[in-house]
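Next up, some structures in structure tokens.
What follows is subunit A paired twice: with subunit B in the first complex and subunit C in the second.
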Partner chain A sequence: MTKLLRPFRWVLLLFLLLFSCLWCLNTGAVALDWQLLWPCLFDQCHASAQHQILLELRLPRLLLGLVAGAGLALSGALLQNLSRNMLADPYLFGIISGAGLGATLATLLLPQYAIALPLAAFAGALLAMVLVLGFAALGGWQRLDTVILAGVAVSFLLSAVTSLLLYQSEAFAANRVMFWLMGSLARADYQALAVITPCLLLCFALGCLYRRQLDALQWSDQTAYSLGVAVLPVRLLFLLLTAALTACIVAYCGGIGFVGLMIPHLVRLLFGGQTLVLLCGSMLCGSMFLIWVDAGARTLLPEQELPLGVITAGIGSLFFLLLLSRKGQRQL
Partner chain B sequence: MTLYVSDRLGIIGPNGAGKSTLLKLLAGLLRPASGEILLCGKPLPHFALSEKARILALLAQDTEQATASTVFELVELGLLPHKQLWQRTDQDDKLRISQVLTQVGLADKATASVSSLSGGELQRAQFARVLLQGARLLLLDEPTNHLDVQYQHQLLQNIVSTDLSLIASFHDLNLAASYCNQLLLLQHGKVVAAGSPEQVLQPKLISEVFGRRCLVDLNPFDGKPRVTFAPGACND
Partner chain C sequence: MRGCSGVHCVYTACKSLKIAITGMLFAGLITAPPLFAEPAVPEKAAAKRLVVLAPNLVELIFSLGGGAQIIATTDHADYPEAARSIPRVGNYAAIQLEKVVALQPDLVLVWDTGTPAADIKKMQQLGLKVLHFQTTKLEDIASQLLQLGALVGQQTTAQELSTAYLQQLNALKSQYQTQPPVSVFYELWDNPLSTISRDAWPQQHLNVCGVKNIFENASAAYPQVGLEQVIAANPALIIQPISENEPRTLVSWQRWPELRATKYKQIIQPDSDLLHRATLRTLDGVATLCREIAKSRQFYAQVPAASGR
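This part shows the complex of A and B:
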């Protein structure tokens, strides 16, 4: 970022986010009247169809996109700082595989109850988290690598069980689970917001309070301990918080990969690596990114919605390849 | 053994002697199987972590660097034991950070990324962090590793010029003799000798512990004992 823009970067980011919100509210299969947008938001709208589309479809979807994007990016930033591993992301604990298993069981056993899918996905995500943290606790918490490796192992284990169940099931159930796993904001409602938002705010507030401790952990456990940081309790607290936040998001939105991995990298490049800046920047950029991806998913193909995970993974992998090539050029 | 204010203790010994383990015990990272470590007359486990951090600082060899941080942000970490969770870095703190950066000669590097620093500059930035921490006792594990001769002396001179107490492990016996007023010679986890450099650096003792013939004379620059080992494959 140029030195000229540096003092205004937060104002610019907030302005861009506001503009993105308005733009995404107005984007979709039905074009809305810009002039009626504001009155409709405040229940002074005379066009009932526009009012309904806005308040019952687009607004909850936009708000879910904002909190889910912010939550995934915040979790990624926290985990990367905690683990000193730039490849850490919110799916570190096998959460997506756990949620996938839960969703599969709900689809196969309780297809008549719509609420069963997010509940079972949440339970599956929690199961994965408990398994990973349990294995890490058995290893004595001495090495954070144990958590990451346990996450990979649990992820494979739960994915294998899911694949076996889907293999034995009918094609319709397999399709439903597969589409859900690829991520979507179509299930957006105010109930989802009521679950995810408090979890997100708690994570952010504690991240801000413990910003210095998290900064110290970026160096080494010994340095952090020498500075008076209770390394193990702080790490455990944030592992649990980020896992719970991700589990809530996955339960309602499915698996949206790469946001938690890519956005903190981008923020570190643009704003620096200090925890407070990283958390604020990741939340704002994560929100903005996900609502644009959702707008793209709704409009790229006529009368068809693309899964979010497909777009985020596509953009994310291109971003990393670009980053790698730039780093390679610098080293040459 | 007891260490007094402004004492500088060098821990020496061959690989596997227990130098790093002793430093970890002193920092509270490990618990002793027997015996007790007292800090200012109080058992080490009785200290709250932040209270201990205001007295004792460990300057670890951080192989992983928080590369996105600036030098200012690294030094700012020294405020951690003095601040409550909700307290911000105020103007007085910023002034103190500038002062310690000037003290270690990095005033012009405050906004530089730590990834752009040389090994010596990074060591000095870490030292500035320790100065801001306000600890009176400094623990260093092989502080001169990866530093060239100039930076080795610069770092140790920086420490000696303050009134900090120091406990550091060394591979270089001559650096330990030049900058420490007490030495502790370890072998296989046991103390072989303790005392002034003149008492510890005895040719027979050093030859036995390191398995290599040596000569001990006086360093012409500071008059401290200087050890020269015989070259060759074995102790003959």
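This part shows the complex of A and C:
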């Protein structure tokens, strides 16, 4: 059966994604008729409220979900291949903590400027990345483990600063930052898309261009060297790219964990681990996953929205426990 | 602290302490009077369809007899009883914008520090008319009543209620504010032990009742403090506000028998539902609090030996 479906899997995946988009577009706190969807999208809505709900609330949110999900999964896939560590995650640079610090400063110092929050979060994420990569550079880039451990340390450091600031601030600021960190697509607008999409496309294009080098890196650094791969520049390039992409996503969507960790695993199981396949599959599955999660966030509770991070972390951790238990059984 | 407007802060402080989940129940109870930052609504053209995203505003509008004009609100808008049946469109963490848009309200009333800023911005972008409210002083409730009265077409009732409210407030002030101060510890939360300082909403009540808050000068509005600090300050009275709607654990001060408040059983437990909400019922809570404090003041006046440490 699997063999039979193999040639069609990409078509099937694309079809599923398209279906998911339509379904999620028609799902929300307000029930809309399926028959209204098409004319509203491509012609004219019967009522201005429907027009606003579909085109100004749901559509930007759906598009942001698509690019953010694709971006997080792509970053995760690239980092896992680069590091040969299946637990690598886009947040390993302490990006979330950095963004959290930026968001805290923006919330405390410039609460009247809406643009300050994504900008400060991005700056904070970059600060975290620079610190982590700085440590890695000091160590001569010899071990990727150093990068990961530096990420943990930087993460704690920045979180401590954030906690101190929040403790000294008004109580509401702590809540705002906390909920921001849980992740949401509610701030979706076309500006966010204009920032994230080029980063995503650049990452994907370079990933495709360097697919052979990335494949070689999966074996070992020595093998990659022997095949003529400039290991250090390639690794640095993709570390920077994925960090920048994740920082952009975090700046607009807050912390949405586990997408970058879980989706590449799923894709490897379904499609295999070759770089090109992994990147394409991760983007498609990541997109689909996040828009479904967002649809769930908008509709699971009748009178409120759930933060995305709550759902992704819930699903992601269960997925990993399942994976671990299956591995454990096999070893036995 | 900076930017924290009284009532909201109490609510949020509690929320933060309880890690933002159960504390929210409080929230509905605690809301604030408005500073209509947005342009005026024509006085006589009363709005008919209001989305009110703050429980205290809901309560004030009901006090004015305009509850029927509220078509949606947020979680925790639970007073009066009729408010419980108003459809909900979110909470302090997120507003369901789709529902708000679909309801096509004439006005959306938001609470600046309690309604998510991103959602306020989005509603404005969507062309919804948003009115901002904020509370910092007890007097704000009176001005808020007038604003809301104009909004729901109940100017006369609003004027009467507002005048009566201010009279009651002034009466309380003149009765208690000039009394000899009693040193108090306001136990906002037990774990972590948290209290209030001069910028916190309940400090307004303490000022009316003529007491000396031992942590009045702390840098944070709702600081966490150590037991040692409380013991060192040795307050004459400990205030443990409690809520029927949201039970909580309290510090067992009996473990510290050397404390004056423990030794002379000067521990009171006022109703936080009244004290921490900015509504017409707030002064009822303040009046009860002042009476309890006056009893304590009287006790220490009658037992001079107890007044020393």
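Assume the second predicted complex is superposed on the first by the 329 of 332 C-alpha atoms of A that agree within 3 Å, B and C clash if a C-alpha of one lies under 4 Å from a C-alpha of the other, contacts with A are read in each partner's own complex, and residues count from 1 in each chain.
We adopt the following convention: contacts are C-beta pairs under 8 Å (C-beta built on N, C-alpha and C of every residue); 3 or more make two chains touch, one makes a residue touch a chain.
Keep in mind it's a predicted model, so treat the numbers as computed, not measured.
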{"item": "Contacts of A:R176 with subunit B and subunit C, given as first, second, both or neither", "value": "second"}
{"item": "Contacts of A:A216 with subunit B and subunit C, given as first, second, both or neither", "value": "first"}
{"item": "Contacts of A:G228 with subunit B and subunit C, given as first, second, both or neither", "value": "first"}
{"item": "Partner chain in contact with A:D89 - subunit B first, subunit C second, else both or neither", "value": "neither"}
{"item": "Comparing the two partners subunit B and subunit C, which touches a greater set of residues in subunit A", "value": "C"}
{"item": "First, second, both or neither for A:D294, with subunit B first and subunit C second", "value": "neither"}
{"item": "Touched partner set for A:G28, first subunit B, second subunit C, both or neither", "value": "second"}
{"item": "Subunit B contact footprint on subunit A (complex, rising order)", "value": "84, 209-210, 212-213, 215-216, 218-220, 222-223, 225-230, 268, 272-274"}
{"item": "Subunit C - residues contacting subunit A, complex", "value": "1-4, 8-9, 12-13, 15-16, 20, 75, 87-94, 96-99, 101-102, 104, 113-114, 116-119, 121-122, 125-127, 219-222, 224"}
{"item": "Contacting residues of subunit B [partner subunit A, same complex]", "value": "27-29, 48-54, 56-60, 62-70, 73-74, 76-81, 83, 85-86, 133, 139"}
{"item": "Complex contacts: residues of subunit A adjacent to subunit C", "value": "28-30, 49, 52-53, 56-58, 108, 111, 114, 167-176, 178-179, 184, 186-187, 298, 303-305, 307"}
